[in-house]
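Down below are the structures I want you to see.
Here chain A shows up in two complexes: once beside chain B, once beside chain C.
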Partner chain A sequence: MIDVADILPHRYPMLLVDRVLDIEPGRRVTAVKAITRNEPWYADAAAVSSSDGAAYPPALLVESWAQAAGLVFGIEQPNPDVLAGRVMLLGSLSDVEFHRPVLPGDVLEHRVRVARAVGETVIFEGECVVGGELVFTVSRMVVAYRPAGVLREAGGEQRT
Partner chain B sequence: MSNEDIQKGLAEIVEEVAGVAANEVTEEKSFVDDLDIDSLSMVEIAVQAEDKFGVKIPDEQLANLKTVGDAVNYIATNK
Partner chain C sequence: MTVHLDRPAEVGPGQPGAVDAVRDDTGARAVSPVAGAVHRTGPAEVTFTVSADEPVFAGHYPNFPIFPGMCVLEIAHRGALLTAPEPGLALAAMKSARFTAPVFAGDRLTVAVDWKRDRERWTCVARARAGDRDVAVVRLDYRAGGDR
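And then the complex of A and B:
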(Lines of atoms letter the chains of each structure in order from A and count residues from 1; the text may use other names and numbers.)
(Lines give C-alpha, C1' and ligand atoms only; values in the text may rest on other atoms or scores of the structure.)
Protein backbone atom coordinates (compact mmCIF):
# COMPACT_ATOMS: atom_id res chain seq x y z
CA MET A 1 0.00 0.00 0.00
CA ILE A 2 1.20 3.51 -0.80
CA ASP A 3 1.94 5.63 2.27
CA VAL A 4 1.30 9.25 1.32
CA ALA A 5 3.66 10.44 4.07
CA ASP A 6 6.51 8.78 2.16
CA ILE A 7 5.73 10.94 -0.87
CA LEU A 8 4.45 14.30 0.38
CA PRO A 9 6.31 16.58 2.80
CA HIS A 10 3.11 17.60 4.63
CA ARG A 11 2.55 16.41 8.20
CA TYR A 12 -0.16 16.66 10.85
CA PRO A 13 -2.34 18.68 10.83
CA MET A 14 -1.72 19.66 7.22
CA LEU A 15 -1.39 16.26 5.61
CA LEU A 16 -4.86 16.09 4.09
CA VAL A 17 -4.79 12.88 2.06
CA ASP A 18 -5.38 9.52 3.72
CA ARG A 19 -5.07 6.88 1.06
CA VAL A 20 -4.48 6.32 -2.64
CA LEU A 21 -7.14 4.20 -4.34
CA ASP A 22 -5.72 4.19 -7.81
CA ILE A 23 -2.82 5.91 -9.53
CA GLU A 24 -1.27 6.13 -12.98
CA PRO A 25 2.03 7.95 -12.42
CA GLY A 26 2.29 11.15 -14.44
CA ARG A 27 -1.33 10.91 -15.56
CA ARG A 28 -3.97 10.62 -12.86
CA VAL A 29 -4.81 9.68 -9.30
CA THR A 30 -7.84 8.83 -7.19
CA ALA A 31 -7.27 9.40 -3.48
CA VAL A 32 -9.45 9.67 -0.39
CA LYS A 33 -9.58 11.72 2.76
CA ALA A 34 -11.97 11.06 5.63
CA ILE A 35 -13.32 14.16 7.37
CA THR A 36 -13.55 13.96 11.16
CA ARG A 37 -14.46 16.37 13.92
CA ASN A 38 -11.13 15.55 15.41
CA GLU A 39 -9.29 18.06 13.20
CA PRO A 40 -7.88 21.35 14.50
CA TRP A 41 -10.31 23.49 12.46
CA TYR A 42 -13.11 22.13 14.67
CA ALA A 43 -11.32 23.05 17.91
CA ASP A 44 -13.62 26.03 18.49
CA ALA A 45 -16.73 24.39 19.94
CA ALA A 46 -18.95 27.27 18.81
CA ALA A 47 -18.04 26.51 15.24
CA VAL A 48 -19.47 23.01 15.40
CA SER A 49 -22.66 23.76 17.29
CA SER A 50 -24.74 24.01 14.12
CA SER A 51 -24.71 21.89 11.02
CA ASP A 52 -23.69 24.93 8.96
CA GLY A 53 -20.75 25.62 11.24
CA ALA A 54 -19.52 22.06 10.84
CA ALA A 55 -18.96 22.50 7.10
CA TYR A 56 -15.33 21.74 6.28
CA PRO A 57 -13.41 24.89 5.20
CA PRO A 58 -13.50 25.05 1.36
CA ALA A 59 -9.89 26.25 1.17
CA LEU A 60 -8.80 23.07 2.94
CA LEU A 61 -10.92 20.95 0.60
CA VAL A 62 -8.96 22.37 -2.30
CA GLU A 63 -5.68 21.99 -0.40
CA SER A 64 -6.52 18.33 0.12
CA TRP A 65 -7.29 17.91 -3.59
CA ALA A 66 -4.04 19.68 -4.50
CA GLN A 67 -2.08 17.35 -2.23
CA ALA A 68 -3.63 14.41 -4.08
CA ALA A 69 -2.37 16.04 -7.28
CA GLY A 70 1.08 16.10 -5.72
CA LEU A 71 1.04 12.31 -5.68
CA VAL A 72 0.70 12.03 -9.47
CA PHE A 73 4.35 12.93 -10.08
CA GLY A 74 5.48 12.48 -6.49
CA ILE A 75 5.01 8.74 -6.62
CA GLU A 76 7.93 8.48 -9.02
CA GLN A 77 10.01 11.13 -7.27
CA PRO A 78 9.00 11.08 -3.61
CA ASN A 79 9.92 14.22 -1.71
CA PRO A 80 9.03 13.82 1.96
CA ASP A 81 11.67 16.44 2.83
CA VAL A 82 10.52 19.82 1.54
CA LEU A 83 14.02 21.28 1.90
CA ALA A 84 15.44 18.89 -0.71
CA GLY A 85 14.52 17.62 -4.16
CA ARG A 86 11.80 19.22 -6.27
CA VAL A 87 9.20 21.38 -4.59
CA MET A 88 5.68 21.61 -5.97
CA LEU A 89 4.55 25.24 -6.11
CA LEU A 90 0.98 26.36 -6.71
CA GLY A 91 0.81 28.85 -9.57
CA SER A 92 -2.91 29.37 -9.93
CA LEU A 93 -6.35 27.82 -9.58
CA SER A 94 -9.06 28.70 -12.11
CA ASP A 95 -12.77 28.01 -12.20
CA VAL A 96 -13.17 26.17 -8.92
CA GLU A 97 -16.88 25.54 -8.37
CA PHE A 98 -18.35 24.28 -5.14
CA HIS A 99 -21.56 22.27 -5.24
CA ARG A 100 -22.19 20.93 -1.75
CA PRO A 101 -20.81 21.37 1.78
CA VAL A 102 -18.70 18.67 3.40
CA LEU A 103 -19.42 17.54 6.95
CA PRO A 104 -17.62 15.37 9.48
CA GLY A 105 -18.13 11.73 8.54
CA ASP A 106 -17.89 12.41 4.81
CA VAL A 107 -15.19 10.67 2.83
CA LEU A 108 -13.76 12.80 0.06
CA GLU A 109 -12.78 11.08 -3.16
CA HIS A 110 -10.39 13.26 -5.12
CA ARG A 111 -10.06 12.60 -8.82
CA VAL A 112 -7.11 14.42 -10.34
CA ARG A 113 -5.96 14.29 -13.97
CA VAL A 114 -3.01 15.86 -15.75
CA ALA A 115 -4.39 18.14 -18.46
CA ARG A 116 -1.00 19.23 -19.73
CA ALA A 117 2.62 18.95 -18.66
CA VAL A 118 5.23 21.21 -20.27
CA GLY A 119 8.67 20.86 -18.78
CA GLU A 120 8.42 21.73 -15.11
CA THR A 121 4.93 23.22 -15.44
CA VAL A 122 1.86 21.05 -15.05
CA ILE A 123 -1.84 21.80 -15.37
CA PHE A 124 -4.15 19.55 -13.38
CA GLU A 125 -7.94 19.25 -13.59
CA GLY A 126 -10.54 17.14 -11.86
CA GLU A 127 -13.15 16.97 -9.15
CA CYS A 128 -14.00 15.80 -5.67
CA VAL A 129 -16.99 13.61 -4.86
CA VAL A 130 -18.58 12.32 -1.67
CA GLY A 131 -20.68 9.17 -2.05
CA GLY A 132 -21.06 9.83 -5.76
CA GLU A 133 -22.17 13.46 -5.21
CA LEU A 134 -20.08 16.21 -6.73
CA VAL A 135 -18.48 18.44 -4.06
CA PHE A 136 -16.37 20.69 -6.27
CA THR A 137 -14.72 20.84 -9.67
CA VAL A 138 -11.37 22.36 -10.66
CA SER A 139 -10.98 23.43 -14.28
CA ARG A 140 -7.29 24.24 -14.03
CA MET A 141 -4.61 24.15 -11.40
CA VAL A 142 -1.23 25.35 -12.64
CA VAL A 143 1.74 24.01 -10.73
CA ALA A 144 5.48 24.56 -11.10
CA TYR A 145 8.16 22.21 -9.90
CA ARG A 146 11.37 23.90 -8.78
CA PRO A 147 14.52 22.57 -7.11
CA ALA A 148 14.45 23.27 -3.38
CA GLY A 149 18.00 24.66 -3.54
CA VAL A 150 16.95 27.46 -5.90
CA LEU A 151 14.06 28.43 -3.63
CA ARG A 152 16.26 28.51 -0.54
CA GLU A 153 18.71 30.84 -2.26
CA ALA A 154 15.87 33.11 -3.36
CA GLY A 155 14.43 33.09 0.13
CA GLY A 156 17.63 34.48 1.65
CA GLU A 157 17.64 33.36 5.23
CA GLN A 158 17.92 29.61 5.60
CA ARG A 159 16.16 27.48 8.12
CA THR A 160 18.50 25.49 10.33
CA MET B 1 -11.29 33.56 -38.81
CA SER B 2 -9.05 36.53 -39.64
CA ASN B 3 -5.74 37.26 -37.95
CA GLU B 4 -7.46 40.20 -36.31
CA ASP B 5 -10.08 37.90 -34.77
CA ILE B 6 -7.35 35.56 -33.53
CA GLN B 7 -5.46 38.44 -31.97
CA LYS B 8 -8.61 39.67 -30.27
CA GLY B 9 -9.38 36.19 -28.92
CA LEU B 10 -5.81 35.74 -27.77
CA ALA B 11 -5.84 39.13 -26.05
CA GLU B 12 -8.93 38.07 -24.09
CA ILE B 13 -7.13 34.94 -22.92
CA VAL B 14 -4.01 36.89 -21.93
CA GLU B 15 -6.14 39.38 -20.01
CA GLU B 16 -7.94 36.62 -18.14
CA VAL B 17 -4.84 34.56 -17.34
CA ALA B 18 -2.21 37.23 -16.71
CA GLY B 19 -4.26 40.34 -15.95
CA VAL B 20 -2.74 42.30 -18.83
CA ALA B 21 -5.22 44.74 -20.41
CA ALA B 22 -6.41 43.29 -23.73
CA ASN B 23 -5.54 46.48 -25.64
CA GLU B 24 -1.89 46.05 -24.59
CA VAL B 25 -1.74 42.71 -26.35
CA THR B 26 -0.62 43.81 -29.81
CA GLU B 27 1.29 41.83 -32.46
CA GLU B 28 4.76 43.28 -31.90
CA LYS B 29 4.73 42.70 -28.13
CA SER B 30 6.92 39.99 -26.60
CA PHE B 31 5.06 37.86 -24.07
CA VAL B 32 7.99 37.74 -21.68
CA ASP B 33 9.78 41.07 -22.20
CA ASP B 34 6.86 43.42 -22.87
CA LEU B 35 3.85 41.80 -21.24
CA ASP B 36 5.77 40.34 -18.29
CA ILE B 37 4.20 36.91 -18.69
CA ASP B 38 5.95 34.07 -16.85
CA SER B 39 6.39 30.47 -18.02
CA LEU B 40 3.47 29.27 -15.91
CA SER B 41 1.03 31.75 -17.40
CA MET B 42 2.40 31.00 -20.86
CA VAL B 43 1.43 27.35 -20.53
CA GLU B 44 -2.01 28.31 -19.29
CA ILE B 45 -2.45 30.71 -22.21
CA ALA B 46 -1.40 27.98 -24.64
CA VAL B 47 -3.90 25.49 -23.21
CA GLN B 48 -6.72 28.03 -23.38
CA ALA B 49 -5.73 29.02 -26.92
CA GLU B 50 -5.87 25.35 -27.95
CA ASP B 51 -9.41 25.07 -26.60
CA LYS B 52 -10.57 28.36 -28.07
CA PHE B 53 -9.07 28.01 -31.54
CA GLY B 54 -9.03 24.23 -31.92
CA VAL B 55 -5.30 24.20 -32.56
CA LYS B 56 -2.59 21.98 -31.10
CA ILE B 57 0.48 23.79 -29.77
CA PRO B 58 3.21 21.19 -29.14
CA ASP B 59 5.53 21.73 -26.17
CA GLU B 60 8.57 22.37 -28.36
CA GLN B 61 6.63 24.95 -30.39
CA LEU B 62 5.61 26.90 -27.32
CA ALA B 63 9.14 28.20 -26.76
CA ASN B 64 9.21 29.61 -30.31
CA LEU B 65 6.15 31.77 -29.80
CA LYS B 66 7.99 34.83 -28.53
CA THR B 67 5.64 37.58 -29.63
CA VAL B 68 1.89 37.92 -29.85
CA GLY B 69 2.34 38.03 -33.64
CA ASP B 70 4.19 34.68 -33.58
CA ALA B 71 1.27 33.13 -31.74
CA VAL B 72 -1.35 34.67 -34.04
CA ASN B 73 0.50 33.42 -37.14
CA TYR B 74 0.96 29.96 -35.64
CA ILE B 75 -2.73 29.68 -34.81
CA ALA B 76 -3.76 31.04 -38.23
CA THR B 77 -1.62 28.48 -40.10
CA ASN B 78 -2.32 25.46 -37.91
CA LYS B 79 -5.97 25.67 -36.95
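And then the complex of A and C:
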Protein backbone atom coordinates (compact mmCIF):
# COMPACT_ATOMS: atom_id res chain seq x y z
CA MET A 1 0.00 0.00 0.00
CA ILE A 2 1.23 3.48 -0.89
CA ASP A 3 1.75 5.84 2.05
CA VAL A 4 1.05 9.35 0.77
CA ALA A 5 3.24 10.81 3.54
CA ASP A 6 6.24 9.11 1.92
CA ILE A 7 5.56 11.08 -1.27
CA LEU A 8 4.07 14.45 -0.29
CA PRO A 9 5.64 17.01 2.08
CA HIS A 10 2.27 18.03 3.57
CA ARG A 11 1.44 16.96 7.11
CA TYR A 12 -1.51 17.27 9.51
CA PRO A 13 -3.70 19.29 9.25
CA MET A 14 -2.83 19.93 5.62
CA LEU A 15 -2.24 16.42 4.31
CA LEU A 16 -5.52 16.13 2.47
CA VAL A 17 -5.22 12.78 0.67
CA ASP A 18 -5.91 9.56 2.55
CA ARG A 19 -5.30 6.74 0.10
CA VAL A 20 -4.38 5.96 -3.48
CA LEU A 21 -6.82 3.66 -5.25
CA ASP A 22 -5.12 3.44 -8.60
CA ILE A 23 -2.11 5.10 -10.19
CA GLU A 24 -0.28 5.10 -13.51
CA PRO A 25 2.93 7.03 -12.80
CA GLY A 26 3.30 10.09 -15.00
CA ARG A 27 -0.22 9.68 -16.40
CA ARG A 28 -3.06 9.58 -13.90
CA VAL A 29 -4.20 8.83 -10.37
CA THR A 30 -7.38 8.05 -8.46
CA ALA A 31 -7.15 8.91 -4.77
CA VAL A 32 -9.59 9.38 -1.92
CA LYS A 33 -10.04 11.67 1.05
CA ALA A 34 -12.66 11.23 3.75
CA ILE A 35 -14.18 14.43 5.12
CA THR A 36 -14.61 14.38 8.89
CA ARG A 37 -15.76 16.77 11.55
CA ASN A 38 -12.57 15.96 13.36
CA GLU A 39 -10.63 18.31 11.07
CA PRO A 40 -9.55 21.55 12.74
CA TRP A 41 -11.72 23.67 10.40
CA TYR A 42 -14.72 22.28 12.34
CA ALA A 43 -13.36 23.17 15.78
CA ASP A 44 -15.84 26.03 16.23
CA ALA A 45 -19.07 24.33 17.34
CA ALA A 46 -21.15 27.18 15.94
CA ALA A 47 -19.80 26.33 12.53
CA VAL A 48 -21.65 23.05 12.29
CA SER A 49 -25.02 24.17 13.63
CA SER A 50 -26.64 23.56 10.24
CA SER A 51 -25.89 21.29 7.32
CA ASP A 52 -25.21 24.24 5.00
CA GLY A 53 -22.84 25.76 7.53
CA ALA A 54 -20.89 22.50 7.64
CA ALA A 55 -19.94 22.55 3.95
CA TYR A 56 -16.26 21.80 3.41
CA PRO A 57 -14.38 24.89 2.17
CA PRO A 58 -14.02 24.87 -1.64
CA ALA A 59 -10.40 26.02 -1.34
CA LEU A 60 -9.57 22.86 0.60
CA LEU A 61 -11.42 20.68 -1.90
CA VAL A 62 -9.15 22.00 -4.63
CA GLU A 63 -6.07 21.75 -2.38
CA SER A 64 -6.89 18.10 -1.78
CA TRP A 65 -7.30 17.47 -5.51
CA ALA A 66 -4.00 19.25 -6.20
CA GLN A 67 -2.25 17.06 -3.65
CA ALA A 68 -3.61 13.99 -5.44
CA ALA A 69 -2.09 15.42 -8.62
CA GLY A 70 1.22 15.65 -6.78
CA LEU A 71 1.24 11.86 -6.49
CA VAL A 72 1.25 11.29 -10.26
CA PHE A 73 4.92 12.19 -10.64
CA GLY A 74 5.71 12.10 -6.94
CA ILE A 75 5.38 8.34 -6.79
CA GLU A 76 8.56 8.05 -8.84
CA GLN A 77 10.23 11.17 -7.41
CA PRO A 78 9.02 11.48 -3.81
CA ASN A 79 9.28 14.84 -2.03
CA PRO A 80 8.48 14.10 1.64
CA ASP A 81 10.76 16.97 2.75
CA VAL A 82 9.77 20.25 1.10
CA LEU A 83 13.33 21.60 1.44
CA ALA A 84 14.95 18.73 -0.46
CA GLY A 85 14.70 17.46 -4.01
CA ARG A 86 12.18 18.94 -6.43
CA VAL A 87 8.99 20.65 -5.29
CA MET A 88 5.72 21.04 -7.14
CA LEU A 89 4.67 24.71 -7.28
CA LEU A 90 1.11 25.63 -8.18
CA GLY A 91 1.11 28.17 -11.00
CA SER A 92 -2.49 28.54 -12.10
CA LEU A 93 -5.97 27.05 -12.21
CA SER A 94 -8.63 27.47 -14.89
CA ASP A 95 -12.33 26.69 -14.92
CA VAL A 96 -12.91 24.88 -11.66
CA GLU A 97 -16.71 24.40 -11.60
CA PHE A 98 -18.47 23.40 -8.37
CA HIS A 99 -21.60 21.28 -8.64
CA ARG A 100 -22.54 20.33 -5.08
CA PRO A 101 -21.38 21.02 -1.53
CA VAL A 102 -19.37 18.47 0.44
CA LEU A 103 -20.28 17.60 4.02
CA PRO A 104 -18.62 15.62 6.83
CA GLY A 105 -19.03 11.94 6.09
CA ASP A 106 -18.51 12.37 2.36
CA VAL A 107 -15.60 10.54 0.75
CA LEU A 108 -13.99 12.49 -2.07
CA GLU A 109 -12.71 10.50 -5.02
CA HIS A 110 -10.21 12.57 -6.95
CA ARG A 111 -9.56 11.63 -10.56
CA VAL A 112 -6.52 13.40 -11.94
CA ARG A 113 -5.06 13.05 -15.43
CA VAL A 114 -1.98 14.57 -17.05
CA ALA A 115 -3.21 16.64 -19.99
CA ARG A 116 0.25 17.72 -21.04
CA ALA A 117 3.80 17.71 -19.73
CA VAL A 118 6.45 19.97 -21.24
CA GLY A 119 9.82 19.97 -19.52
CA GLU A 120 9.30 20.94 -15.90
CA THR A 121 5.76 22.18 -16.47
CA VAL A 122 2.76 19.87 -16.19
CA ILE A 123 -0.91 20.52 -16.94
CA PHE A 124 -3.41 18.40 -15.03
CA GLU A 125 -7.17 18.00 -15.54
CA GLY A 126 -9.88 15.91 -13.93
CA GLU A 127 -12.72 15.88 -11.48
CA CYS A 128 -13.86 14.93 -8.01
CA VAL A 129 -16.86 12.73 -7.27
CA VAL A 130 -18.68 11.64 -4.12
CA GLY A 131 -20.61 8.38 -4.42
CA GLY A 132 -20.50 8.71 -8.21
CA GLU A 133 -21.92 12.26 -8.07
CA LEU A 134 -19.85 15.05 -9.60
CA VAL A 135 -18.59 17.54 -6.99
CA PHE A 136 -16.29 19.68 -9.12
CA THR A 137 -14.36 19.63 -12.36
CA VAL A 138 -10.91 21.07 -13.05
CA SER A 139 -10.28 22.05 -16.67
CA ARG A 140 -6.66 22.93 -16.14
CA MET A 141 -4.11 23.15 -13.37
CA VAL A 142 -0.58 24.22 -14.28
CA VAL A 143 2.29 23.30 -11.98
CA ALA A 144 6.03 23.75 -12.24
CA TYR A 145 8.63 21.44 -10.76
CA ARG A 146 11.55 23.38 -9.32
CA PRO A 147 14.55 22.62 -7.11
CA ALA A 148 13.60 22.99 -3.43
CA GLY A 149 16.21 25.75 -3.09
CA VAL A 150 13.83 28.26 -4.74
CA LEU A 151 11.58 28.05 -1.69
CA ARG A 152 14.43 28.58 0.74
CA GLU A 153 15.56 31.62 -1.27
CA ALA A 154 12.04 33.07 -1.36
CA GLY A 155 11.64 32.51 2.38
CA GLY A 156 15.02 34.09 3.06
CA GLU A 157 14.10 37.19 1.08
CA GLN A 158 10.94 37.62 3.11
CA ARG A 159 12.66 37.14 6.42
CA THR A 160 15.46 39.61 5.91
CA MET B 1 -29.64 30.16 14.66
CA THR B 2 -26.00 30.94 15.27
CA VAL B 3 -24.93 32.89 18.32
CA HIS B 4 -21.88 35.08 17.91
CA LEU B 5 -20.38 35.63 21.31
CA ASP B 6 -17.32 37.51 20.25
CA ARG B 7 -18.71 40.08 17.86
CA PRO B 8 -18.68 43.58 19.34
CA ALA B 9 -22.26 44.76 19.66
CA GLU B 10 -21.66 47.99 17.77
CA VAL B 11 -20.25 46.31 14.67
CA GLY B 12 -22.78 45.22 12.05
CA PRO B 13 -22.38 43.43 8.75
CA GLY B 14 -21.15 45.59 5.90
CA GLN B 15 -19.45 48.14 8.13
CA PRO B 16 -15.84 48.74 7.20
CA GLY B 17 -13.06 48.07 9.58
CA ALA B 18 -14.07 45.28 11.90
CA VAL B 19 -16.05 42.61 10.13
CA ASP B 20 -14.81 39.07 10.53
CA ALA B 21 -16.05 36.91 7.68
CA VAL B 22 -15.75 33.74 9.74
CA ARG B 23 -18.32 35.06 12.17
CA ASP B 24 -20.53 37.03 9.86
CA ASP B 25 -24.28 36.84 10.25
CA THR B 26 -24.84 34.33 7.47
CA GLY B 27 -22.38 31.85 8.96
CA ALA B 28 -21.47 31.13 5.35
CA ARG B 29 -17.76 31.01 5.89
CA ALA B 30 -17.92 29.52 9.31
CA VAL B 31 -15.84 26.52 8.22
CA SER B 32 -12.54 27.86 6.95
CA PRO B 33 -8.90 26.77 6.76
CA VAL B 34 -7.96 30.33 7.75
CA ALA B 35 -8.47 31.16 11.43
CA GLY B 36 -7.72 34.88 11.34
CA ALA B 37 -10.14 37.67 10.55
CA VAL B 38 -10.59 39.29 7.16
CA HIS B 39 -11.26 43.00 7.54
CA ARG B 40 -13.09 45.20 5.11
CA THR B 41 -11.02 48.36 4.70
CA GLY B 42 -12.89 50.00 1.86
CA PRO B 43 -15.79 49.56 -0.56
CA ALA B 44 -13.70 47.21 -2.68
CA GLU B 45 -10.80 46.24 -0.45
CA VAL B 46 -10.14 43.78 2.36
CA THR B 47 -7.01 43.04 4.33
CA PHE B 48 -5.72 40.05 6.20
CA THR B 49 -2.59 39.65 8.31
CA VAL B 50 -1.04 36.20 8.17
CA SER B 51 -0.38 35.12 11.76
CA ALA B 52 2.30 32.55 12.55
CA ASP B 53 -0.44 30.86 14.61
CA GLU B 54 -2.54 29.89 11.58
CA PRO B 55 -3.27 26.15 11.97
CA VAL B 56 -2.26 25.31 8.39
CA PHE B 57 1.38 26.17 9.13
CA ALA B 58 1.83 23.05 11.29
CA GLY B 59 1.57 20.91 8.18
CA HIS B 60 2.37 23.28 5.33
CA TYR B 61 5.16 22.63 5.88
CA PRO B 62 6.89 21.25 8.99
CA ASN B 63 9.95 23.46 9.64
CA PHE B 64 9.17 25.64 6.64
CA PRO B 65 5.82 27.44 6.94
CA ILE B 66 4.40 28.77 3.68
CA PHE B 67 0.85 30.15 3.55
CA PRO B 68 -0.88 27.88 1.00
CA GLY B 69 -1.98 29.39 -2.30
CA MET B 70 -5.41 27.90 -1.65
CA CYS B 71 -5.58 29.88 1.59
CA VAL B 72 -4.87 33.07 -0.39
CA LEU B 73 -7.77 31.98 -2.57
CA GLU B 74 -9.87 31.47 0.57
CA ILE B 75 -9.06 35.05 1.68
CA ALA B 76 -10.13 36.29 -1.77
CA HIS B 77 -13.38 34.31 -1.47
CA ARG B 78 -14.12 35.69 1.99
CA GLY B 79 -13.23 39.15 0.75
CA ALA B 80 -15.68 38.65 -2.08
CA LEU B 81 -18.46 37.65 0.33
CA LEU B 82 -17.71 40.66 2.55
CA THR B 83 -18.07 43.05 -0.39
CA ALA B 84 -20.78 41.13 -2.28
CA PRO B 85 -23.28 43.20 -4.30
CA GLU B 86 -26.17 41.12 -2.96
CA PRO B 87 -26.63 38.68 -0.07
CA GLY B 88 -26.81 34.91 -0.43
CA LEU B 89 -24.23 34.41 -3.18
CA ALA B 90 -22.69 30.93 -3.49
CA LEU B 91 -19.38 30.09 -5.10
CA ALA B 92 -20.05 28.49 -8.48
CA ALA B 93 -16.61 28.43 -10.06
CA MET B 94 -13.00 29.47 -9.84
CA LYS B 95 -12.73 30.69 -13.41
CA SER B 96 -9.04 31.38 -13.01
CA ALA B 97 -6.39 31.69 -10.35
CA ARG B 98 -2.77 32.65 -10.86
CA PHE B 99 -0.20 32.53 -8.10
CA THR B 100 2.86 34.69 -8.60
CA ALA B 101 4.70 34.88 -5.26
CA PRO B 102 4.76 32.92 -2.00
CA VAL B 103 3.15 34.27 1.18
CA PHE B 104 4.70 33.86 4.62
CA ALA B 105 3.75 34.46 8.25
CA GLY B 106 3.78 38.17 9.02
CA ASP B 107 2.69 39.21 5.54
CA ARG B 108 -0.22 41.63 5.37
CA LEU B 109 -2.40 40.79 2.40
CA THR B 110 -4.40 43.50 0.69
CA VAL B 111 -7.06 42.23 -1.68
CA ALA B 112 -8.73 44.54 -4.19
CA VAL B 113 -12.04 43.22 -5.51
CA ASP B 114 -13.91 44.15 -8.65
CA TRP B 115 -17.48 42.87 -9.07
CA LYS B 116 -19.32 42.55 -12.38
CA ARG B 117 -22.63 41.02 -13.35
CA ASP B 118 -22.30 38.35 -16.02
CA ARG B 119 -25.76 37.12 -17.03
CA GLU B 120 -26.94 34.67 -14.33
CA ARG B 121 -23.76 35.00 -12.32
CA TRP B 122 -21.71 37.58 -10.50
CA THR B 123 -17.98 37.63 -11.23
CA CYS B 124 -15.41 38.91 -8.75
CA VAL B 125 -11.83 39.57 -9.81
CA ALA B 126 -9.62 39.73 -6.73
CA ARG B 127 -6.01 40.91 -6.77
CA ALA B 128 -3.93 40.06 -3.73
CA ARG B 129 -0.75 41.88 -2.78
CA ALA B 130 1.66 41.45 0.11
CA GLY B 131 3.52 44.72 0.52
CA ASP B 132 4.82 45.55 -2.95
CA ARG B 133 4.52 41.99 -4.25
CA ASP B 134 1.63 40.76 -6.37
CA VAL B 135 0.84 37.33 -4.95
CA ALA B 136 -2.32 36.19 -6.75
CA VAL B 137 -5.08 37.15 -9.13
CA VAL B 138 -8.27 35.11 -8.98
CA ARG B 139 -11.57 35.30 -10.80
CA LEU B 140 -14.47 33.79 -8.88
CA ASP B 141 -18.01 33.26 -10.15
CA TYR B 142 -21.00 33.31 -7.81
CA ARG B 143 -24.64 32.41 -8.22
CA ALA B 144 -27.58 33.56 -6.16
CA GLY B 145 -29.31 31.13 -3.86
CA GLY B 146 -27.48 30.21 -0.70
CA ASP B 147 -24.00 30.21 0.70
CA ARG B 148 -21.36 27.62 0.94
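Just so we're on the same page, the second predicted complex is superposed on the first by the 152 of 160 C-alpha atoms of A that agree within 3 Å, B and C clash if a C-alpha of one lies under 4 Å from a C-alpha of the other, contacts with A are read in each partner's own complex, and residues count from 1 in each chain.
Methods note: a residue touches a chain if its C-beta (ideal position, glycine included) is under 8 Å from a C-beta of that chain, and two chains touch if they have at least 3 such contacts.
Treat the numbers as computed from the prediction; the structure is a model and nothing was measured.
Asks: When the two structures are superposed on chain A, do chain B and chain C clash or fit side by side?
Replies: In the arrangement built by aligning on chain A, the partners chain C and chain B fit side by side.
Asks: To make sure I follow: the centres are taken over C-alpha atoms, the vertex is chain A, the ends are chain B and chain C. What is that angle to the nearest 10 degrees?
Replies: If I round to tens, I get 80 degrees.
Asks: Mind working out whether A:Pro101 is in touch with chain B, chain C, both or neither, as first, second, both or neither?
Replies: second
Asks: With the two complexes superposed on chain A, say which partner A:Leu151 touches: chain B (first), chain C (second), both, or neither.
Replies: second
Asks: Does chain A have more residues touched by chain B or by chain C?
Replies: C
Asks: Taking the superposition as given, does A:Thr36 touch the first partner, chain B, the second, chain C, both, or neither?
Replies: neither
Asks: Touching A:Gly91, do we find chain B (first), chain C (second), both, or neither?
Replies: After superposing on A, A:Gly91 lies in contact with both chain B and chain C.
Asks: Given the touch rule stated above, what does A:Leu15 touch, chain B (first), chain C (second), both, or neither?
Replies: A:Leu15: touches chain C, not chain B.
Asks: Looking at the overlay, what does A:Val118 touch: chain B (first), chain C (second), both, or neither?
Replies: After superposition on chain A, A:Val118 lies in contact with chain B alone.
Asks: Go through the superposed model and pick first if A:Gln77 touches only chain B, second if only chain C, both, or neither.
Replies: In the superposition, A:Gln77 touches no partner, neither chain B nor chain C.
Asks: On the combined arrangement from the superposition, state the nearest Cα-Cα distance between chain B and chain C in Å.
Replies: 9
Asks: Find the residues of chain A that appear in the contact set with chain B and again in the contact set with chain C.
Replies: Correct list for chain A: 91-92, 94.
Asks: If you look only at chain C, which of its residues touch chain A in the complex?
Replies: 1-4, 22, 27-33, 55-56, 58-64, 66, 68-71, 73-74, 77, 91-99, 101-102, 104, 106-107, 146-148
Asks: Chain C touches which residues of chain A in the complex?
Replies: By the definition above, chain A touches chain C via 9-15, 40-42, 44, 46-50, 52-60, 62-63, 66, 82-83, 90-98, 101, 151-152, 154-155, 158-159.
Asks: Which chain B residues qualify as touching chain A in the complex?
Replies: On the chain B side, the touching residues are 39-41, 43-44, 46-47, 59, 62.
Asks: Can you check the complex and tell me which residues of chain A touch chain B?
Replies: The touching residues are 91-92, 94, 115-116, 118-119, 121, 123, 140, 142, 144.
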